[in-house]
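What follows is a set of structures to go through.
Both complexes below contain chain A, partnered by chain B and then by chain C.
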Partner chain A sequence: MYPFGRGVTRLWPYLLFALPMAFYLMFLLGPSIFTVIYSFTDVINIPGKAYQFVGLDNYKDIFFAGNSAERIDSIKRTLQFTFIVTIVQNGLALLVAVVINQKLLGDKLYRSVFFLPVVLGVAVVALIWTLMFDPINGPVNKFYSLFNYSDTFFGSFTNSFGYIIFVQIWMYMGHSMLIYLAGLQSVPKDLYEAGYIDGTTRWQSFKKITFPLIAPAFTVNILLSIIGAMQTFDIILATTDGQFNSRTMAYDVYKETFRGSLEMGLPSALSVVQFLFILLFVIVAIQLLRKREVEY
Partner chain B sequence: MQPSISAKTISYVFVFVLLCIYLVPILLVFNVSLKSFEDYLNNPFSIASQFNFSNYTEAWKQGNFSDYLLNSLLYTGVTTVVSIILAIFAAFPIARGYIAWGGFFYLLFVMSQFLPNPVVAQYRLMLFLRDNVHSDIGYNSKIGYMLLRTSGAGLVFMMFVGYIKSISRELDEAAGIDGAGYLRFLFQIIMPLIKPIIATGVILTVIGTWNDLVGPIQFLSSPEHFPITAGLKEFRGQYGNNWPLLACAVMIVAAPLVILFLFIQKYIVNGALAGAIKS
Partner chain C sequence: MTRKLAGLLALCMLMALLAACGGNGANKPTNGGNTPSTTAPAKDKEQPSGEKKVIKMLGWKQSTNNTVIESINKKFEEKYPEYKVEYVTTAPDDEYKQAYKTRVPAGEVDIFADLSAMRLSPSDWTPGAKVPDWQQFIDNGLIQDLSDQAFIKNYNEADIKDGGTYQDKVYAIPAGKVAMGGLFYNKDIFAKYDLKVPTTWSEFINVNEVLLQNNVTPIAMAGKDKWPVKLAAMNLQAQLLADGNQSEFIEGLWKGTSKFNDPDAIEVLEKMKTIQDKYTINGFMGIDYGTLTSYFTGEKVAMMVNGVWEAGAVQAAKPDMNFGYFPLPATDDPARIKLIGKYDMTWYVTNNGGNTEGAIKWLEFFSQPEIYQEFVQATGFLPVQPNIATTEFLDAEVQPYMNNFEVAYEIKMINRDNIGQHLEAEGIHTEYLAPGGEFKTAKELADVQQKEWEAAAPK
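Up next, the complex of A and B:
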């Protein structure tokens, strides 16, 4: 029961709870719901101007208007980005976590260094890699020239998106790694000893002991990667600014809202489509991951 | 089970290569920041022969970084303190069941992670506030930006609920019998008790706010309101090819959080871990 008095004082928890609730409703949940509503209207970016419902017109415009090819390219790129980032980032992070976890000298140092890019932030990380990828003087091009190859990196129509994916993984690998390390530290050591006595190989002990036992960390990481990657556009904004075939859905939403025409129904519809993709992937991922957890 | 010597060697080689991929870019930028422009053009990546710290003072002055830094401190300080307090106001009654519909509100707050992108309506809201309420709290205002960044929902809230649940309820009853009020109990008993998780929440919020690039670009248009992330982008627009100066700017922007990071690594690691396990 509520121990802090009766009568009017009973209202304190409600009163204080109303504050975060108000913030949440006004600046997050409300706008989110309104964006969904706007996606069915012809609302334009002039405050106070009346708008009408237009059914699914905005959604049709995404897929069947004159410049739809570009939008569909953005959608494809978003999916590509999400799949590659989720798989490579998690594979690498898990490998690094397992390697570091075998009590290497300086393990704490490695942990900090790999997490450092998250602390540096996207504005700094983007500039660091723009310097590395400088097409004229850059060290990576110097390295490439050993193999008689050169690139224009973020200025390349064919390759810029690949480099963006690389930078994204470079930046967030350490974060996934930390979560895997947490999972690994919760695995009881005697399980490995038992396995060792039974003569398991290292791969077997990873597959049969480690992997099943860090299933929760795996699930969390996969979901975080999917949701994060689907919504990422800050790294694109800071490197190519959407040029050179590097736009994704999230970037399109930003571009159409803040730098495009006055129309706001279309970016709203794009936000909703993006959300539906996230929902679909999260549901599929949860189903797959749960199946795996049951097997063991 | 002891890994074999060869397995250990392979591990060290692997980690060493990866360390290079992480440290070399950062060290190279630092090295470039110490060079004069001519030196950079002639030998971009030789070790800087003399430390040219005048680059730093020049970048600092040319880039208005003192203004940007003050803005960043303001934004990060205010949104972090307010967000943490709001998260406690939300998490405590839900963890204890002191408000009706607690389970529903919990889900509602957790949902904040999965909502459809709200940015279109946020933009309209900010324009509305600017035009109809006051130009100081809407689009392109310091307060408007902080309002958008402040939130008691999300990951920090979830961590708080989990942590508060592990604190004995008898404490509440004892304090209640002694006549403590709700507010007093929250600030004088609960907050000191959940210090570790507050530290974690503070760090996650600080990193998120300090490094926010998208928010300022979307909702602030005058450079006088920019935090250092947007300031850095602005600076880059002006000094696109002067890499020694740009590298100084990068170092200036990165330094505060990296220094903080060196001192409170333990909490950051614990924070990332706690966030993972609890959710």
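Up next, the complex of A and C:
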């Protein structure tokens, strides 16, 4: 009833949480609120400089300025990225997880191999693939040349974004796989035995037993993929640096904030728009995914 | 009751934290306003060695530059033991711009170099133009006025005026000039096939054709970083736009008398397309700037599009290499050949870093002819002080063209705000031409550029 005792000692948990809470308010909630406020102003990154409210001007700039076609392209590209990454990454991860879960010989090794890219970090992954995709001496182009084809990979206007998607999936597939594996381990074995007695095929037992029961893992993975994909900019920065038609919304925010002008209003507005997009997608996804989670 | 108390306690802690944080933030601008000598002692925590006053210097990574600046810093610290120079470097270009944009306003820098001279300042004929960062810094009082400093006189008056003066006051010291509109060439390969340095476009094409006939790849260019492609294009622009008067072309763009799809501008794109399609190494759009020089020193190509600053790196990579430099010719009239370039590394002293006085001392030390000489020799910059010896390479290969030296398009061009990607960063972006890019002809790209220019016009 009183795990921390009675009297003043009861306050300990509150005190312990006060500090993280303060940090949370200061470094996350505070800046977030200021971002929204700044998105309606013409503030520039010089301390002490006065700023004025300019209404929706920054939002208008995003969609109607001279270069707004590029921003709209970024939004389209973000959606494309999100859909492909979410579907392919989860599909592959689920498949690999189910296979590894069959108690294969050396399943621990496979697990670590698939999980390795996540541990490596974006910079190393980008370096690996930049070397693999070296257009002149790279092994992938040597392989392509067997089919009389060659590519400039991260230097190609038409294909670079596809390669970025590939690298992103390669990198985070192991992460999703691990969550699926954890989900698979929690499925009670007796259900399969009961199914076996009833004469289910393998596909049926996957569809009717495994899939519904790993629904929570599925929900977590899909949400993580959507949010992660919509926020991705690090892999883009490290491979093409936003060139060759590979900018996404998140990259635009970064670019406008740190490499554009000193103005902070437009990038703030961009962040707000990006946030709204993520919010919308997450709400829709949760609605759809919650429905199929089952109790057992 | 207890719950209320807990909440109150939490709130108190939060307030204390916020107050501490806010206090720091609020102090910074006032520090900048005061004279630096009085605020310096207050910043004790940034002075690890007790008495020494730290000069915070920001620069970008480039091995030859970094080495010589570190050596200058060492000498400076020997002469002025009361100071300690903390030289922080970031990756070049965009990364560096990001660094100074965040650190200068935050008061974390005493002295920093911009990547080019003051430029792109809006004029009365450029309504709605982008205001450059340096100008915003100066307008908001972050940059120290250097007009009264005695060491200004060490530099050529014209260079200080072009590279460091804004509204009749000197705010910056350009550390040197670089030429960048030419090609490095392998003299041995040229001699083998009896080729001469081309002085006209036809001769240049001929050189390339002869090389191709002998199965030598003529040119290497770094397309992946985009800007190295611009170097060659800008040399063509200087010779072709408005018959060799690119300033007139640029002013015409704003006034509507010249267009990006005028025949002269299209000729620039077409000639770049010829170079890219026919004579440049296959897959150059995937070559990044860092590896470009290895293609040249590895003798995979006969020529390389690059700025003269790379001469040191070429020599370091292959000391016995016999190489030269020539400006890319654009017309068949040898008299019109030009070499373009810019000011490089322009020093600014800030007002808000806490040690303005030390930064000025450093700049004064740097400006002494013997120190400056060391700097120029090491970096391969063209000096902006009189009577300074340059490197052997510059004397032999670049000085002959310096009479026709011109500031590059990217420095002269004043861009519109919210400009599209085919014109951004004051470039012409020929990398958008097929096969690397999406535009099959020069005309198509030129039309899109003109459209973007008009779309960005102030409403």
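Some points to look at:
In the analysis below, the second predicted complex is superposed on the first by the 277 of 296 C-alpha atoms of A that agree within 3 Å, B and C clash if a C-alpha of one lies under 4 Å from a C-alpha of the other, contacts with A are read in each partner's own complex, and residues count from 1 in each chain.
We adopt the following convention: a residue touches a chain if its C-beta (ideal position, glycine included) is under 8 Å from a C-beta of that chain, and two chains touch if they have at least 3 such contacts.
Please read all numbers here as calculations on a predicted model, not as lab measurements.
Once chain A of one complex is fitted onto chain A of the other, the partner contacts of A:I222 are absent, as it touches neither chain B nor chain C.
In the superposed pair of complexes, A:D134 makes contact with chain B and with chain C alike. By the touch criterion stated above, A:N45 is placed in contact with chain B and with chain C alike.
When the two complexes are overlaid on their common chain A, residue A:L262 makes contact with chain C while staying clear of chain B. In the superposed model, A:Y14 makes contact with both chain B and chain C. Touch counts on chain A: comparing chain C and chain B, the chain ahead is B.
In the superposition on chain A, A:L29 makes contact with chain B only, not with chain C. Looking at the shared chain after the overlay, A:F153 reaches chain C, while chain B stays out of its contact range.
By the touch criterion stated above, A:N67 is placed in contact with chain C alone, chain B being left untouched. Within the superposed three-chain model, A:I214 lies out of touch with both chain B and chain C [touch as defined at top]. Judged by the document's definition of touching, chain A residues 14, 17, 19, 21, 23, 26, 45, 47-48, 134, 258 lie at the interface with chain B and also at the interface with chain C. Taken in their complex, chain C has these residues touching chain A: 2, 5-7, 9-10, 13-14, 17-18, 21, 25, 28-29, 94, 97-98, 101-102, 105-107, 130-131, 133, 136-137, 140, 142, 223-224, 226, 281-283, 285-287, 416-421, 424, 432, 436-438, 452, 455-457.
Touching chain B in their complex are the following residues of chain A: 2-5, 9, 12-14, 16-17, 19-21, 23-24, 26-36, 38, 43, 45, 47-48, 96, 99-100, 102, 104, 108, 110-124, 127-129, 131-132, 134, 137-139, 142, 170, 175, 178-179, 181-183, 192-193, 195-196, 202, 205, 216-217, 220-221, 227, 231, 233-234, 237-238, 250, 253-254, 257-258, 264, 267-268, 271-272, 274-275, 278-279, 282. Across the complex, chain A is touched by residues 1, 3, 7-8, 11-12, 14-15, 18-19, 21-23, 25-26, 28-29, 32, 40-41, 44-45, 86-87, 89-90, 92-94, 98-99, 105, 108-109, 111-125, 127-128, 131-132, 147-148, 150-153, 157, 172-173, 175-177, 180-183, 185-186, 207, 210-211, 213-214, 217-218, 228-230, 232-233, 236, 243, 246-247, 249-250, 253-254, 257-258, 261, 265, 268-269, 272-273, 276-277, 279 of chain B. On the chain A side of its complex with chain C, the touching residues are 10-11, 14-15, 17-19, 21-23, 25-26, 44-49, 61, 65-70, 133-136, 141, 150, 152-158, 241, 243, 258-259, 261-262.
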